[in-house]
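Dropping the structures in below, format is structure tokens.
Each of the next two complexes has chain A plus one more chain, namely chain B in the first and chain C in the second.
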Partner chain A sequence: MAQPPVPLKDMKLMDVKLGQLPTWLAMRDYTPGGIVGAVRRGYDRYYNKYINVRKGGLGGISMLLASYVVISYIWSYSHIKHDRHRRYH
Partner chain B sequence: MNLSFFDQFTSPCLLGIPLILISMLFPALLLPSPNNRWITNRLSTLQLWLFHLITKQLMIPLNKNGHKWALLLTSLMTLLLTINLLGLLPYTFTPTTQLSMNMALAFPLWLATLLTGLRNQPSIALGHLLPEGTPTPLIPALIMIETTSLLIRPLALGVRLTANLTAGHLLIQLISTATTALLPIMPTISLLTALILFLLTILEVAVAMIQAYVFVLLLSLYLQENI
Partner chain C sequence: MLSRLVLRAAPAALRNLAPPATVGVLHVTRPLHTTQQRSAPLPPLPEKGGEVRHGLIPEEFFQFLYPKTGVTGPYMLGTGLLLYLLSKEIYVINHETVASACILTVIIYGVKKYGADVAAFADKLNEEKMAKALAVKNEAIKGLETAIEEEKKEQWRVEGRKYLFDAKRNNIAMLLETNYRERLLTVYNEVKKRLDYQVAMQNLKRQKEQDHMIQWVEKNVVQSITPQQQKDSIAKCILDLKALSKSAQAAYLEKMGSGSSKKAAEPISTTVTVQTPVQTPVSTTVADMKPPEVKCWIDNHEILYMSLAFISGILSAVLVFAIIHLCRKKCRRPHQTLQEELPTQTVTEESEKNTQNEVTYTTLVFQRSRTPVAV
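Coming up: the complex of A and B.
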């Protein structure tokens, strides 16, 4: 199927060929506004898939909370790693 | 390296960004903005119900002028509620354990209520410093006492929230340390301690919600006197 001639920087990640990947990465928008837009798009995708449904369950929110716990762990790893082999905490 | 139970209250940094920033921004992900559909998803419906409940409770004792504070008080309540409850998850950081943050919330809001009262109805606001029906010899002492109690309000608001949450987190850490330390030695006692830990966690969930409510309620009370 012939793809329409979309400019490289607007192509989605799954359509980018492997050889074009560094160029594609370099052409992305890394300004603060661009990063906020990317985060918002990602969150909107998650929200519309798992939470903004007619009979959403506990899973949508639980995945958010679980990811929050994991991110907090990663953030504080260098602080917590001293407690690994301690005898008395 | 110094080891203390207060290490959990320092906000760890990764790549120069402290965890407190993530903790303050995360509640925004949990509270979706309502769209203009008639029947929204379950989360939005729950959220709307909760906000209506909170706003109604807070706005009933206030007069028409006080209703301008509805957005501020409801959003403050939501912020404190989510931050406190999220802090009970493992490895998370609770921003309201920091006195700096609570004073930054309490002091300007209390000052706003005080200045509103002094600006719009100065004699009534100052009249609150002397309760009705006091015997005449007691008046000077009572005015000083009431002024002190007025000026200590922001301090009390901030410290109350900080102390409650800090104490709760510390207790959880201490008792869980005791449980794990006792497990190889006396398993029965460890089970008892685990039961205490379970009850304490339930208490902490309640405290998290109650403290948020008390903070906002007291603010609305100070507002009632002054608006």
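Coming up: the complex of A and C.
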């Protein structure tokens, strides 16, 4: 890791040490513009890695669908709670 | 795989969402094109996407856990996590689970069976799209290259304009030359016509003068011929003709009477001599007959004797004529007796008649012969 000293807030998440995590989180840009920028960056990364390729595989969209399934399960957990196999919900 | 189908629809859908928003926000406040333009060509699309294991979990997760837990680490993690969720009923098994299980089964079966074909089909479509784009690019390049060559050819052609102008100049010079020569020819013809006219005029004048002079000379000559002169000339001509006729007559007699007697010859000769001056065609025929009869005439002795007799007769006749002439001259002055005159008168009458005939004959001949002499 022969890199020049980078200010904390610009460092990538994977390079942040565990102890620096709270400070790193605090120093992130939480303005609406910053959030939109972050979303955009994330989207671009995912898109260019899994979809914008010559021979895209199934994983590209299946991961999105799976995540959609998981998120929808989480959002409807309060409703699914009632299907638990226990006497007292 | 399905992602390839999405690839065709997703780009258009996803890309259309974000750019307009940013552009709409930015177009007034921030200047565009601030970063330097990159002239390097775009990097080509990656061949394969990020590895995903089991279609759900990216490979990076497995690699992340490999150093610590080895190959089976993530699987153990997954199994443990699943059991925990089930036991704690964080994941509840209900009707949805059954439905999802069925759906997943069908989906996985479909993908496993037809995945490759669909992938190939999608790839084919992609290839066609790429090929079309490439074709367009190549066509454009070819068109531009041909345009460049054409341009170079035009430049080369421009260099040849010198020869073109030389040829044009030559043409014009030739036209001018031809025109000049034509005009020269017309000038020459016109001048020649005028000179010919002058020459013709002179010739005509000279001819007219000549004709006029000849006519005038002829007229004067005719006028100058006095009657006495005419008579003298006629008499001379008569004598000439007589001499000619005698010589002709001899030949004619030799030819006609090759076996006749002397007696017949003499009276014939006298009568013939009287009438010979009138009979001109006879003399001509005698003249014609003369040359072929020359040999026979000399060979036959009889003919020789006959000719001698004939000549003697002619001489006697000439003597008679001379005597008559002398008698005429003598009779004019002294006026002698009629007895002597009678026989002589008859003879003179005859001779006068002959002379008259001879005169008319000679005048005719002279008039006829005059015209060629005058011209």
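Here are a few things to note about the model shown:
Methods note: the second predicted complex is superposed on the first by the 82 of 89 C-alpha atoms of A that agree within 3 Å, B and C clash if a C-alpha of one lies under 4 Å from a C-alpha of the other, contacts with A are read in each partner's own complex, and residues count from 1 in each chain.
Note that contacts are C-beta pairs under 8 Å (C-beta built on N, C-alpha and C of every residue); 3 or more make two chains touch, one makes a residue touch a chain.
Just so we're clear, the structure is a prediction, and the values are computed from it rather than from any experiment.
When the shared chain is aligned, chain B and chain C each come close enough to touch A:I51. By the touch criterion defined above, A:Y68 reaches chain B but does not reach chain C. In the superposed model, A:G59 lies in contact with chain C only, and not with chain B. In the superposed pair of complexes, A:R40 makes contact with chain C only, with no contact to chain B.
In the superposition on chain A, A:V16 makes contact with neither chain B nor chain C. Once the two complexes are laid over each other on the shared chain, residue contacts for A:R84 go to chain C alone; chain B is not touched.
In the superposition on chain A, the residues of chain A touched by chain B in one structure and by chain C in the other are 43, 47, 51-56, 60-61, 69, 73, 80, 86. Interface of chain C with chain A (complex): residues 1-4, 6-7, 10-11, 14, 18, 45-52, 55-56, 58, 89, 91-94, 96, 100, 111, 115, 119, 123, 126. The touching residues of chain A, when paired with chain C in their complex, are 40, 43, 47, 49-63, 66, 69, 73, 80-81, 83-86. Residues 43, 47, 51-56, 60-61, 64-65, 68-69, 71-76, 78-80, 82, 86, 88-89 of chain A are the ones touching chain B in the complex.
Residues 1, 3, 7, 10, 12, 14, 19, 22-23, 26, 29-30, 32, 40-43, 86, 89-93, 177 of chain B are the ones touching chain A in the complex.
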